[in-house]
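One chain, chain A, appears in both complexes that follow, with chain B as partner in the first and chain C in the second.
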Partner chain A sequence: MIETLIQIFLFGAVVGGIWGLVASGFSLIFGVSRILNFAHGSAFVSSAFLVYSLVNYGYNLYFAVLAGLILAAAIGTVVYALTKPVRDREVMVIILTLAFALLVQQVLLILFGDRGVSVQPFIEGVAEIGGLKVTYMRILSLILAVICLAGLDIFITKTKLGKKVMATAQDSRAAMMVGIDIEKIFLLVMVLSSLLAGFAGILYAQILSVNPEVSLKALIYAFAIVILGGLGSLRGSIVASFIVGYILVTTITFLGARWSEFVMLLTIVAILVVKPTGLFGVRE
Partner chain B sequence: MRYAKAVLTVIILVAAVTSLCAQPEKAGREKVVVGVIGPMAVPEGQAQEKAVKLAAEEINAQGGILGYRITVVVGDTKLDPNTATSEFRRLARVEKADVIIGGFSSGVMNAMMETMAETKTLFLADASSPEHAKKVEQNYEKYKYWFRVSQNNGSTFALDLADMVKFLRDSGYEVRKVYVIRDEHVWTDPVMQALKPLLEEMGVEIVKDVKIPRGYSEYEQLILEAEKLNADVIMPVLAISGTGDILVKQWATLKPNILLAGHDLYAIDAEFYEKTNGMANYEIFIADGGALVTAPPTEKCREFVEAYRAKYGHYPESHQAYGAYDAVYLYKMVVEMAASNGEKDPFDPEVLVRYLERFNASNPARLTRTIAFYDNHDLMWGDNYVRNWISQWQDGKQYIIYPPSVANGELKLPPWIKK
Partner chain C sequence: MRFLMAGLLVLAAGMPLVLPEAYLYILGLAYIFAVMVISWDLMVGYTGQVNLGHTTFVGLGAYVAALMQTPLRSGMALHPALAIIAGGVTASAVGLAIGIITLRLRGYYFSLVTAILPLVFMQTVFIWRELFGGEEGFTVENTIFTTTLEKYYFSLLVLLVSLIIMRKIVDSRIGLRFMAIRDSEELAESLGINTTRYKVMAFILSSFFAGIAGAMVVNYRFTVSPDLYGVPLMLLIILSAVLGGLGTLYGPLVGAIVIYLAKNWWLGDLIRTFSFPINDEIVLYAILIAVGILMPEGFYHGVKRWVKSISSEKK
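Up next, the complex of A and B:
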């Protein structure tokens, strides 16, 4: 039984950590610029594919990861530039970002096909914790995800720049009136969010594997988590990510793999019925 | 004089009608039109198109079929039955395809078979559902134009998997308990139905039968559970999940004292080893379609994979390539047979069905695989025909390890297995 509990605790935390990286960025973008970025999954998969390709061409893994993160940041910049002229029209933003996501997916399909690719892990080997086998990479992913999420939280709440981001999120016009360059803040948030998604994609491809379709999965998970956590609430998204991770893993353990996503989505719906604003959301 | 004119007119009209009736169906033929249909955004469809074009190019270089050049026309099913039937009809009616090759996906095939019957078009097909051949059995006149060329009837997968367990036992690896991980999809149900009694006969217990949804990735938990249940083999029955690579990666990382042996469609991909960073090493799988790039069962198959690589820069991306390539040559063979037997229209599907049926157990066609048909036009299964060879990834190369008649390698156990 203890072994099962350790398994649920560790596996759930890792799944939650990775989706937390994706969802927190998605939430941040919405919170600050009120944009539903449907191209968020593009950074997730593109960075992983670039790392895979560079490593296969013989480049150092850490150099490849750096290049993958730069690509993710570039995708964030492109999405910022594309959405800037239509930012006030929500439907246009959704159509534009969705079209961009589909375009990236098609390019990846042409370049790599629809089969998954794996990225060489930062660390190899298996640890035994309480009789349970866990790969070092899963443990490292959890640590890295927690560091990133904690760093993001500190950045937003403790630094001057972070406070400008918060101010823009609360009221962009007021922020502009007190001298904050909100365009720079929008760009910063978009790049930062894409970096988080890109890093999550690389970790995901190291533990599992990515194929072009995973971009849609990443988007659906991020969307579901952000709604569960409360639209625009960064901490809500992080907590919701871990809830989702634990629901998935617990369902696989006790009910079976086939029910995992079904139970996860059902729980989200149930929570939203009770609390329509999400766990940490507030009525606008 | 007036009567003479009328009689002459009648004679000319009668002569014209008679001559029209006596003409073959495609009078004034200038070419042979070969249609290829499949999901062109995925490797299964792309491989079929490329293989058909390669075969057509080779045949055209040798003078075509009865002197007529082959023109290839392409239809995209988009894995959607409605699109597939529209595309099939377009190829048959608008493009006037003499034969249509391809398919993929049993549900889509079911729909296309209706259009095939409506247009009476010869269909040298892919997909594995037993239902397709059953249609020919139950309504021969309607569905006789359909022949399964690419791969065996899905119900034979159980025979292959049972043989795999028997082979492992005969090779000294004791198998008493099997942990099955399979697609939550209709195609795996008949496989499991047939497999269970076969394993029971051998005294093998299925300790758990786990169904997984498409895109499932958390295999580590399942591997750990298989270990707890003392399974000797983790048997994937996966084609739809899209994540066979994740299973093999997690198995190779956790290194449980359990073999990974079953039906993993992704393992057939010649680039699977590279895509999994070598984690696919030691995975045992069955080679759908009866051919592997690194273990071609016939000389023609060896030539084909090399020609494919020379033309496209890579080996076939899917096993459907072999079937599609064979189908073009098979078509050429039957048309030439019909012509040499003096058939009035050697391209007539009604005629060609009879000639295709001549390829039976005692008279197979030797192409990239050895092809013969049952009475219901299903592809013949067996060591001497086509079957899903039991194969293994070993140091970056795929080897057939069973049956001995085609094996080019021996079973290698992973170094971490202690049995």
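Up next, the complex of A and C:
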């Protein structure tokens, strides 16, 4: 029993940290440019698959990770370019990003099939905590995720560029008036968020496994997190991602992985009934 | 317009005289697909609420009808016509529940929640495998018609009835209120329109027809499978409606038939002829992206503007 509790406590944090990287980027993109980026999961899976195949071809792991991150940034740039002409048409933005996500998914399915693949972890070895065996990689991925999230928070709240991002999120027209190049900010946010998603995908593939269908599943968790945390609130998403991580791991431990989508939906519905603006949300 | 409609109807009714049975089969399925697309347009094109989970209701209608008419699965042997209606009613009941929760909120919540729905409902098929048959689905018994000719005319009839009902709705005062909500929710509310009630009403109607269409599909193909919940089908519905032009019903109707035939008839032939190393879905998504960039307002509105510009030049 105590082992199960430790397991839920630890793995929930690990999973929460990884989904936090995905959801914070999703939330940032929405907050700044009001785009629901359905292609956000594409960066997540694509970079994981690129790292996997480069390592398979015998390249160095760190080189492969760098290449994966570059691919993620490139995907962010493509999504920025795709959505730029239709940004004020909500339906078209959704269609374009969703079509792009499915296109990427199909290409990956053709190249790799639908089986899951794992990436060689940064460090090998197993630690024992209270009788529970935990790979070092899981602990490292939690640490890395927390560092990235803290770094993102500091970047947004403390640096000048981050304050420009915040200003654009609050009112893009007013930001333009005080001389902020909002197109640059949109691009920056898209690339930064895709980098975070790509890094999350690589970490995820190192501790679990990814298949092309994860790109859409990742979106469910991202949605649940941003609704729980409040649409457009970065800190809300970070806190919510750990809550969702715990809910997820508890569900998988006691009911099985098949139920995770169900429980996510119930979570979202419960939040929408009780507190529609989420934990830290601002009214639109 | 009325003459054009009558002409098209005669053309559709005469199709069995010229078309071989295999093509007739696909054309009949295209009519059912068109019901899904115009019912999506009723919600999205008229009230402006972007529903990304329309296939939830297609799949629900399909599974409810399939279970109710297959004694081997559920012990029930409902008349297929009743089973089809039961599929539609179940879908609209779920639509009501989801609508009440999400449509009272403005903005993106409705889209986010509906986007998740198909993925969630698809899991039910795997969780209760004995009942729903897992990824392979199951064979449906007691279907309403057996020959292709009967099925073709029945789906044409269902399309016609659905189109007329939806046309009547959007032309009525209710339809005007839908459009008022789409154009400005604040303004509509200030005029005393209960916006939540009308949005939910549109959603219930839209899910009802989606459920009927799903139930029709299983009575047409004799099998039910989880692809009816799928995201690819959802995207195909969106593509057809947007290509045809949102908020026009006729545009999405034409878009649906053209896209469906293109996907299941011409596209496959084309890829096989040139032996591309890709599948038809990739081509479809690429077309979708191209259309989105080149014609963000859809084919219907694009052509309409083009015709207008020509006629104004003549003057």
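By our rule, the second predicted complex is superposed on the first by the 268 of 284 C-alpha atoms of A that agree within 3 Å, B and C clash if a C-alpha of one lies under 4 Å from a C-alpha of the other, contacts with A are read in each partner's own complex, and residues count from 1 in each chain.
One rule holds for everything that comes next: contacts are C-beta pairs under 8 Å (C-beta built on N, C-alpha and C of every residue); 3 or more make two chains touch, one makes a residue touch a chain.
Nothing here was measured: the structure is a model prediction, and the numbers come from that model.
Of the two partner chains, chain C is the only one touched by A:90; chain B is not.
In the superposition on chain A, A:208 contacts chain B only, with no contact to chain C. In the superposition on chain A, contact is made by A:258 with both chain B and chain C. Applying the stated contact rule after C-alpha superposition, one finds that A:126 touches chain B and leaves chain C untouched.
Shared-chain residue A:171: touches no atom of chain B or chain C.
Look at A:181: by the touch rule set out above, it reaches neither chain B nor chain C.
Judged by the touch definition given at the top, the superposed model places A:217 against both chain B and chain C. Contacts of A:114 after superposition on the shared chain: chain B is touched, whereas chain C is not.
The intersection of chain A residues touching chain B with those touching chain C, taken from the two complexes, comprises 217, 258, 261. The part of chain A that touches chain B in the complex is made up of residues 7, 11, 15, 56, 109, 113-120, 124, 126, 132-133, 135, 137-138, 208-209, 211, 213-214, 217, 248-249, 252-253, 256-258, 260-261. Considering their complex, residues 44, 50, 52, 101-102, 105-109, 111-113, 115-117, 119-120, 123, 126-127, 231-232, 235, 238-239, 242, 246, 277-279, 281-282, 285-286, 288-289, 292-293, 296 of chain C touch chain A. On the side of chain B, the complex with chain A involves touching residues 41-43, 184, 210-213, 215-218, 220-222, 224, 227, 242-243, 245-246, 249-250, 253-256, 266, 269, 271-272, 274-277, 279, 317. Remark: chain A residues 30, 36, 38, 82, 85-86, 89-92, 94-96, 98-100, 102-103, 106-107, 110, 216-217, 219-220, 223-224, 226-227, 231, 258-259, 261-262, 264-265, 268-269, 272-273, 276, 284 touch chain C in the complex.
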